[in-house]
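Please go over the structures that come below.
You will see subunit A twice below: alongside subunit B first, and alongside subunit C after that.
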Partner chain A sequence: MCDVDTPEHKQPLDTRLERKRVPGKCIKCKTAKPNVTIRGCLYCKPCFVSASIVKFRGALKKSNSRIDAQRRQQNGVSEPQRLMVALSGGPSSTAMLHLVVDYQQSVTQRSGDFVQPPYADIVVGHIDESALFDVAEGAVRSIADGRTFCEASLEDIFSASADRDVLLQIVRASMASEQQQQNGGGFCAQIIRNSDNNTPPRERLRQLFSALDSDTSRESLLDAIRTFLLVRLARAHHCSVLLLGDSATRIATRVVSLTSCGRGFSLPFEIAPESSWFDGVTMIRPMRDFIAKEVAFFNRWAGYTSVVVPTFTTGAPVHASIDRLSETFVVGLDRDFASTVSTVCRTVQKLEPRADALAACPCIVCGMPAEPDAQDWRSRLTVGQAAAPALSSAGFDISSHLCYSCQNILHFSESGDRGGLVLPGFCVERIRDHAVSRPSASSDAEQHEALRRQVEQFFLNSDDEDDDCE
Partner chain B sequence: MSKLAVTLRFVSGAELLIKDEFRAQSNKKSGDLEFKHEVPAGTEEAPLRMKELIEHVRDNLVKGDKDQFYKDGKLRPGILVIINGSDWEVEDGPEYKVQADDVIEFISTLHGG
Partner chain C sequence: MPRQCEICHEARAVLKRPKTGQRICQACFFRVFETEVHNTITSSQLFRPGDRVGIGASGGKDSTVLAYVMKLLNERYNYGLSLFLLSVDEGISGYRDDSLETVKRNKEQYGLPLMIVSYEQLYGWSMDSIVEAVGRKNNCTFCGVFRRQALDRGALLLDLDHIVTGHNADDLAETILMNIFRGDIPRLTRCTSIATKGDGYIVRSKPFKYAYEKEIVMYAYLRRLDYFSTECTYSPNAYRGYARVFLKDLEALRPSTILDIIHTGERLQVAGDVVLPEASVCEKCGYISSNRVCKACVLLEGLERGLPKMGIGRVTAAAASAGEDEAERQSIRPRKPVEQVHFAELAERAARMRSERRACETSSCAGTGCAGPQQCAGTACTESQCTAAAQTTTHHDPLGK
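So, the complex of A and B:
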């Protein structure tokens, strides 16, 4: 049996030979002239398209089975979920939408028998950024190709929503006093009720972004708002799964830029293949194994058209923002060392969130876990009695509710003549949600109750006002 | 010097780098740019290669900051080139000898174009 010369043992050798590349031919079919090279491998057009489909389904199935296992553990059963595809209209999310729809159809059409589809429904979620950028109207909607199209606008964060009046509430962050800034950049911020309710949401959004000091800050804040709106949109449409179109190139770029922006604490959540950080919505990144080049070729050959999604640094020099600089760095390295992107992605996929990150309270701006002692870490200066004069009695100190990176964003913003930075109402909502959800049995129950009461005032008063209006 | 007519396409953000005057020549309704363009053909001993064509595009078609397109003797990383439907890396890359009626496509894969 152990004789290596038996015919059975020769089989693997032949297979291995078959796997060998044929120089100058496609790595898969070994007969056709190649049309593209990906990480040093040659593919012909049909083989590349089918390999991409297989790769996408593989990544999605892997994520699905991990989520299913989690759900079974929690609920005992796992039903097909409603799925939302986050569609910016850019190449990666466009490809993702077509690929997931194609996957759903391929399963249901496989045989005449009834087969349970992987998802109960697939809807498209889009964030309209026309308040900040010029975008062609209706272009993204046409990519959705008749699927249920759910849309939210960036300025929605400042407008009232029918079911949640609290969104009306607008707060102000007041910056650290001059003295503190000189003392090594200590951070102190408080929110007070905003008295100006006449500025239209769009204008308010623009004011918020123009008050920030750099495009790096603007891109970070835009990211935070986009994530908030997508999660809210998914919840509103009862979708428990949200697909995000981050490609491998994008993930590798984000690893560098998020780290540089001081987001190391929340990094594992922001680049994870699956993340359940936000209650009730699991985010999946099924494009994580595609480099930008693969996405471009796939779209071209599959005939999918995408749009250009502008950012603050579109057309700007490479050093315009940390994100753009990181992209140039990663993409440049990847040109000379073809596996840079995949190596970075493979490495960071092994990152696990720390236990204290899982238990940490969310930053009220970005919603990501905020390191509890970010402030101490940032500087030895804490907000103590010395800072008290800067805080008005009606204010509520939010410094400890901000992550290190968002502290930076707000710290370097200009409040201008409006007396402060007008933050969207979801910031207060996040503090309240956290105050409500935290178990009151903890040792600091008293403190916690005080916090809850303090936050409540932002909402109670607004209700009173509404009553008056009626 | 004789001329060589090729079709140039700029898509997925690469079109933002091209001078507005070429938009009028484009036969695409969407933001994409596609137009016929004549380039100096080179000589018999030194026929026109992709490298020279890209330099021609940089000098004559690209607006504003040329570094956004071409820097240090190389196309900016993140811009893909497709020659007649194939990745230029499976052709000879910058050494590819341009033929009449070639369709040459520039695709930006950079975030935000």
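So, the complex of A and C:
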């Protein structure tokens, strides 16, 4: 913990002995005039910057050692991995990129014996969201500072050659048939056929987002797509570790908004310090101990510039979406009840995924575990009554492949006018992958095979196109 | 043009359902509301036939609707429950005395037996006298802690198997959020379960766990139920206030949020290596407590000794008395201390009542008629008697009334 580069601000070996504060002076060096208050402690500029570096490395090393231990258990050895830093260009991810590069250099530049660098290589991964928002061209690339810059665009989900997009029909509670109601209806979604490929991907992406009912749903879907693309990008560049720049403030906000969206089943995966839910890619959140204020001051004093990352609720009032509302609420509560942010973060770290979540099949939209009884739960508590049946027999029912929260998103979407919602091909791919990779118990094997055959039709090459259309 | 009900497609829609946003008619609203409560009760198997169930009745909207719906469902679906109204009189003039009048009217309207236990009688202190002693700040701590015990004591006096309370979905969602904000892991996992056996004596449950507050109000309004709607005259809980405002904002954004938060709460699981406090029993009164002496006894001792700050926040007896001025201590009116009945004794009494009642049932079982072994399970009634008696159709009242 003591390998900070600037020797004049070295941390004392045993900080406990020097805990005594000098009133009106920096808590670390006890001599300089303080410049900032963080959680009731005063820091001068240089001490704050070096303390931030120490904190970041501490969090990263802790995560690394946990992952290493896991890896050793599985493979026996642990080699330095290739690392991808997810960079949106915002303050937190910018700080993270600089901090991790600085860490790598400080280890390799250490004179004397040969030291193995912590990572085989560090590359930057960025998702281009210009299809939905106005972003300054090249601004993010300049932050990457000459590092290998891997980029994917949001619309890529529709243009990837291998996957074919699918048309989804949503049947709402008031339209579902009696039988579906009894089978845990309330809401039903089915894939009807492959969609026609004549709309440009960018346009199709916009259509998908404009079909959703609220900015809350749009944010959730954007989150899901971004995660999917980042994981795919990391895999494509052989990076087994993906760094995400969620700060403590962001994590606390997400906990509240995920809770409010009904994502309790997958919550432990989505905010964990490290998570290996996606095969082959471990996500780490090394900025988890920084509150937003610390990130801002660190960037300012370390001289790093970030860009403004627009979202659906940029410049919008507080009540624009659940995420926006949660953010305002968390920040406000933290002001009135000090350390609410860190309390929330510590609380959720004591949660663990349930056993059935680890074995659950992934939601086809967000990729997170989908609880098997979500439909039942809902229909028991929102009783409606059946009316005319509206499901087509050729379709494939995906209701059980959606998590509770994504059911909400689709339930309220406007799929009527174009005859359905066009979902990207990765949705079907997820069902197939799950059916192939986890033919669990023998009793389930047949079911899995049947499932695989059912979705297989959506992957046929263009020559059978006519067959899958009704 | 009048809008059709989205559920039955026949009647005219008169309301927009807060939970789903559907526009439905009054009959459908009653039906879905009642069915959802019934589903909640059956899916979590809350009751067994013959259970004696107390309805925690304050006279407010939630408990009034609960009493009405419980009676209705008990008759409609033959739960076979004996229902009681159980009220706690905190002794707040201008609030509780008026609301208890409502409960007394409910007793007549629904034909349910009513029992009122008062703080004055149990602890020797009414809320009014507590507020006089401790001031307006922190008095909700006393009220909350005492109420919990008072309900259990009342239930044991009546020998109940079960208490149902009118906590609704909004309350539960607020609690989940609050426990996340405060980092209260033990409560976070406990608060979502529909029934708790925390006190070790009586099961407590909340059948309105999934019922929206707005729908409860609507139900009370449309059924023209007689309820009391005034806020407590003493200060409301500040921290809960934050969560409440936030929840209302969320609900305005997406009506399903309340249900979604509960869904989340139910799916959270605490890691196996997190140490949770162990439950033990208070050595003074026998009530469940995570400490040597339960909170109610600590608070009561503080009151009796004239140190009302004791037990609030992190103040210990020594710290509380240290700064106290002798004159100030005497300014609190000394009261006649009330001897609290130990919970073990209450439980013993309840068991005695039960066996007496069963003895009475058994004799009547052999003589008149019994629905079957189900009703007199565990009593001296032999199987042959039951099967013979099952021929007759008359049911006897398990209360022996």
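We adopt the following convention: the second predicted complex is superposed on the first by the 402 of 470 C-alpha atoms of A that agree within 3 Å, B and C clash if a C-alpha of one lies under 4 Å from a C-alpha of the other, contacts with A are read in each partner's own complex, and residues count from 1 in each chain.
Methods note: a residue touches a chain if its C-beta (ideal position, glycine included) is under 8 Å from a C-beta of that chain, and two chains touch if they have at least 3 such contacts.
This one's a predicted model, so the numbers in the text were calculated from it and none came from an experiment.
With the two structures aligned on subunit A, subunit B fits next to subunit C without clashing.
Angle at the C-alpha centre of subunit A formed with the centres of subunit B and subunit C, after superposition on chain A: 90°, rounded to the nearest 10. Of the two partner chains placed around the shared chain by superposition, subunit B is the only one that A:292 touches, whereas subunit C remains out of contact. Greater residue coverage of subunit A by touch, when subunit B is weighed against subunit C, goes to C. By the touch criterion stated above, A:54 is placed in contact with neither subunit B nor subunit C.
In the superposition on chain A, A:22 contacts neither subunit B nor subunit C. In the superposed pair of complexes, A:307 makes contact with subunit B only, with no contact to subunit C. In the superposition on chain A, contact of A:255 is made with subunit C only, not with subunit B.
The minimum CA-CA separation between subunit B and subunit C in the overlaid arrangement is 15 Å, rounded to the whole angstrom. Put simply, subunit A touches subunit C in their complex at residues 173-174, 214, 216, 255-256, 258-265, 267-268, 319, 321-322, 325, 329, 333, 336-337, 340, 343-344, 346-348, 350-354, 357, 371, 377-378, 380-385, 387, 404-405, 408. Residues of subunit B that touch subunit A in their complex: 12-13, 16-17, 30-31, 64-65, 67-68, 77-78, 80, 82, 85-87, 89-90, 107, 109-113. Subunit A makes touch with subunit B in their complex at residues 34-37, 42, 45, 90-91, 136, 139, 249-250, 253, 292-293, 295-297, 300, 305-311, 313-315, 317-318, 323-324, 327-328, 331-332, 334-335.
Of all the residues in subunit C, the ones that touch subunit A in their complex are 6-9, 19-20, 22, 28, 31-32, 35-36, 39-40, 43, 176-177, 180-185, 188, 210, 239, 242, 246, 249-250, 252-254, 256-257, 259-261, 263-272, 274.
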